[in-house]
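A, B, C and D are the chain letters, set down in written order, and residue numbers restart from 1 in every chain.
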Amino acid sequence: MRSIINYLKEIILGVWSLLKGMKVTGSYFFRPSTIVTQKYPSNRKDLVMFDRFKGEVVMPHNEKNEHKCTGCGICELNCPNGTIEVISKTIISEDGKKKRAIDKHIYRLGMCTFCALCVKTCPSNALAFSQKFEHAVFNRALLIKTLNKPGSQLMKGVE
Amino acid sequence: MEEEVKNITPDERQEYVINMGPQHPSTHGVLRLVVSLKGEIVKNIEPHIGYIHRGIEKMCESITYPQIIHLTDRMDYLSAHINNEAVCLNVEKALEVDIPDRIKVIRTIMSELTRIQSHQLWWASFGMDLGGLTCFFYGLRDREKILDIFEETCGGRMLVSYNCPGGVMYDIHPNFQKRVKDFIKYFRKILPEYDQLLSGNVIFHERSKGIGKLSLEDAISYGVTGPTGRASGFSCDVRKHEPYSAYDRITFKEILHTEGDTYSRYIARIDEMWESMNIIEQLIDNIPEGPFAVKMKPIIKLPEGEYYQRVETARGELGVYIISDGNKNPYRVKFRSPNFVNLSVFNHIVKGFKIADLVAIGGSLDLVIPDIDR
Amino acid sequence: MLLDIITNNSITAPSEPWWKVVYDFSSLTKWVDTSLHSSMSSFWATITEMLIIGVLILLFYALVGLFLVYAERKVCAFMQNRLGPNRVGPFGIFQTIADLFKLLFKELVPIKNADGFLFNLAPFIVIIASFMAIAAIPFAKGLHAIDLNIGVLYVIAVSAMGVIGVLLAGWSSNNKYSLIGAMRSGAQIVSYELSVGLALITIVIMAGSMQLSVIVEAQRDGWFIFKGHIPAFIAFIVFLISSTAETNRGPFDLAEAESELTAGYHTEYSGIKFAFFFLAEYINMFIVASIAATVFLGGWMPFHVGYWEGFNHIMDFIPPFIWYIGKTFFVIFLMMWFKWTFPRLRIDQLLTLEWKYLLPINLVNVLIMAFIVLMGWHF
Amino acid sequence: MDKIQLGEFIKSIDQDLEIEEGKQYVEVTVPPLKLYLLAKQLRDKKEAQFDFLFCLSGVDYGQDLGVVYHLRSTIYDHTIVLKTRTSDREHPQFDSVSDIWKTADFHEREAFDLLGIRFTNHPDLRRLFLDSSWGYPLRKDYVDDINIVTK
């Protein structure tokens, strides 16, 4: 007799535990307000990324097309996987001195691991992260970027 | 070259050999298991790993200490922050740098958040291994909230690279405390739902209780750590035994179970999530003021010697063994990865169970393959 | 003649209100039958009728299949806090049609060491089995292709044929996962067939007939699930569980158990052959649900409550086809709810559930039901 | 046991063993031939009970190849480091400890795979990550012109 009672109890408890699970899924089914899906490409306009989001490394330029990069190459040294290559040139400054400046600051997005060491160690804060995250391109060569804009100058007062 | 040729072929042993993986839904990555079956019963499994061996230990020998950190992210990507912390702690220990309390507390909170998100993803995928697909979405839904916290403070979602020798990369975001508190409030409500949906279920009990038993002796002998080891009663929580960061100043209990089956491994992880929330609640309101990083030399050189640091990742004990010859690059770095060791016990506990149990046990071991391969 | 058989059993009382006459399809089918016979010889008339019915069922089949795939995706999405398909058309309703075209144009990957003939035959067996079962289902009064006097038996027999296709598929694709899946499926369907049969027998005892139209008519004054006290309810639950198992759906989807066997018996299939398996799964679910609706929930009979005349009249006003579809989809929703909530069983637990729980319960249930009917205790 | 007691304990087992003081853990340098016996004693002796091998690392010391064993007792919570090395770079051989601690099985396979250190009496010494055509990448004299890029 006891075994029959246990048998029935087992069934009832089992079914009850199943019903509790169904309650969870069922309650979400009838509450569409809990849906968390973001409709990504169509919400692109009001998509706000966090300020610190590491999208890609950029070199901010001011409105006079000036940047802060002195071409010291510390970012290149600190990069763990050879993402950055600084090609520098010597220019003659206004007071006739020879000075080092960047010719090209090459950044290979395809190799970047977003460790932020370059941004962190830059002595003149010339580099920053942008929030852009849509990096897909059809040609891999497009991932090699030159960060300084053509014709840009070193910002005054940055050594 | 060294491959041993076994004399008896599987056919002669009357075994049905199937290849699980490298592309298989339930091996969670590129793990390949050669499974010998007799009917549905698993006779033997042989893990074949190395599909994503990147030689991180070799790579470490040619880069500087701050640069190692971004590689440790990519070992156990679900405990990225804790891996980073291990290297940083080791470097700081070698240099005998005093770390301010603020950094310790921030690191501890971040580690515990990492642990929760890792267990959430484990819960999600474990539910999916057992066939409850809805679990996967609930787990990821809740994990997203932690990833948002990470993204706001660290800039990265999964591979955070937040630590650096001497502190953390950036100060915590002004919203950090509020967001973490909101999350804990939310997750305390949601976590019982996990229980109702999956673990309260009679089917789940049938599938997990008594499956893949690992005895305490075997757990110690195989060196199985983390929730997997603690489910067998192996007290191996590094946070308790060798407290690092802020773990010596908070009260928490080590989750220990004695059964050592799939079910207790499950419960151990769920309990750890509760415990992690307790730890965070103790710390989140008491983050001391101070700098977020100690000024370190631009080029870090460790004194000659050997340094070992153990931390508790979401999967077990991670050891970082650095041999330095005084240069800016380490001479040898060895990562004692928890998953690598946990994998070695797989064959031992799976024998005699069915294919479905193989999947359940594999899920309960919670393997992350990049950590095994390194 | 074919349609004679169809219309034989539909009895229309002379004092029925107008909508009951409109909703009765027997006059329409009768008219089609007689007009066909007047214009051609009886042989050709029968052939034409067969063709018409075939095409209609094929259309219905495709529509139901497409809709069920969409419904499943939406239902599971909502249970999982997702939106589900939402790109193709409003609310993504054309998603399955787009998927269908994708599957149609996909390459049929030839398998090197597969048994070619059986490999190609398997999807057809699966789909024909489900196609045959749909013929016996009464959609509304006078609206079914064939009203056999052993309808229940016929449906059970035919729907069990699908397993041959599954077994063939698993065997012939020469894939170890497929074979395990097929063998599991074989064991599963052989056992659960028993429970399905016994659960239906419980109701057959009550109705006193195996003819589906008679079973529906017998529920005019109350559905069997209400009329039969607790035994009928238990039979309904048992039928629901075992029919979910019979259609290889979660939590009993061991034959395709994707986390264990990648995709089980249809691992090696691609393109339209895979679509056949996929479609057959959904149609089987539909058939099972409509059997449940017909046998337990009164088929196309409206919902009546005792002596509430006004309420009953309003209920009568809803067309029987809507009633039938509504009940069927209710059962389908239940089955989807199961699938998206529970973890999967293991093969030995699956068989334990059948032989240790469902079968004894069912046998006792049949006994009690027989006793109730003998004593005349049912309503 | 604290560090001093551990040192004394090791001395009591074998007088000739070198013990390095002042490190994070007690470090004992063992000749390869004595390794297995010492390991077994360390696990079995009542007062030591080093039952948890938590790390086994193969190291290339330039001239020598060595293996470092990190041991811990789960009962007493003390830690010891065993080091052993050999100057034979062609056929470096140590005794396997995989029958003392089962976890050594995989660790030794890893050391064999990456450093080419052979372990005698290992039940299943095969390469783990790489296929047999690879060299031993963690050795300092390993060259790979294709995959290793140096600036």
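One rule holds in what follows: contacts are C-beta pairs under 8 Å (C-beta built on N, C-alpha and C of every residue); 3 or more make two chains touch, one makes a residue touch a chain.
Predicted model, so just to flag it, every value in this text is computed and none were measured.
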| item | value |
| --- | --- |
| Labels of chains that are neighbours to subunit A and to subunit D | B |
| Chain centre separation (subunit C, subunit D; CA means) in Å | 65 |
| Centre-of-Cα separation between subunit D and subunit B, whole angstrom | 24 |
| Between subunit C and subunit B, distance of the C-alpha-averaged centres to the nearest whole Å | 46 |
| Per-residue multi-chain contacts in subunit C, two or more chains | 79-82, 340-342 |
| Per-residue overlap in subunit A, given as positions that touch at least 2 other chains | 18, 21, 24-25, 36 |
| In subunit D, residues with contacts to at least two other chains | none |
| Chain-level touch network, classified as line, ring, star, complete or other | other |
| Chains that touch, pairwise | A-B, A-C, B-C, B-D |
| Residues on subunit B engaged by subunit A in the complex (per definition of touch) | 63, 66-67, 69-71, 73-74, 134, 141, 144, 148, 151-156, 159, 161, 164, 169-170, 173, 193, 196-198, 200-203, 298 |
| Residues on subunit A engaged by subunit C in the complex (per definition of touch) | 11, 18, 21-22, 24-26, 28-29, 32, 34-37, 39 |
| Subunit A-touching residues of subunit C, taken from the complex the two chains share | 75, 78-83, 86, 337-338, 340-342, 357, 361 |
| Partner subunit B, residues of subunit A touching it in the complex | 13-14, 17-18, 20-21, 23-25, 36, 50, 52-54, 78, 80, 113-117, 120-121, 129 |
| Partner subunit C, residues of subunit B touching it in the complex | 16-18, 24-26, 40, 127-134, 136-138, 141, 197-198, 201, 203-204, 206-207, 354-359 |
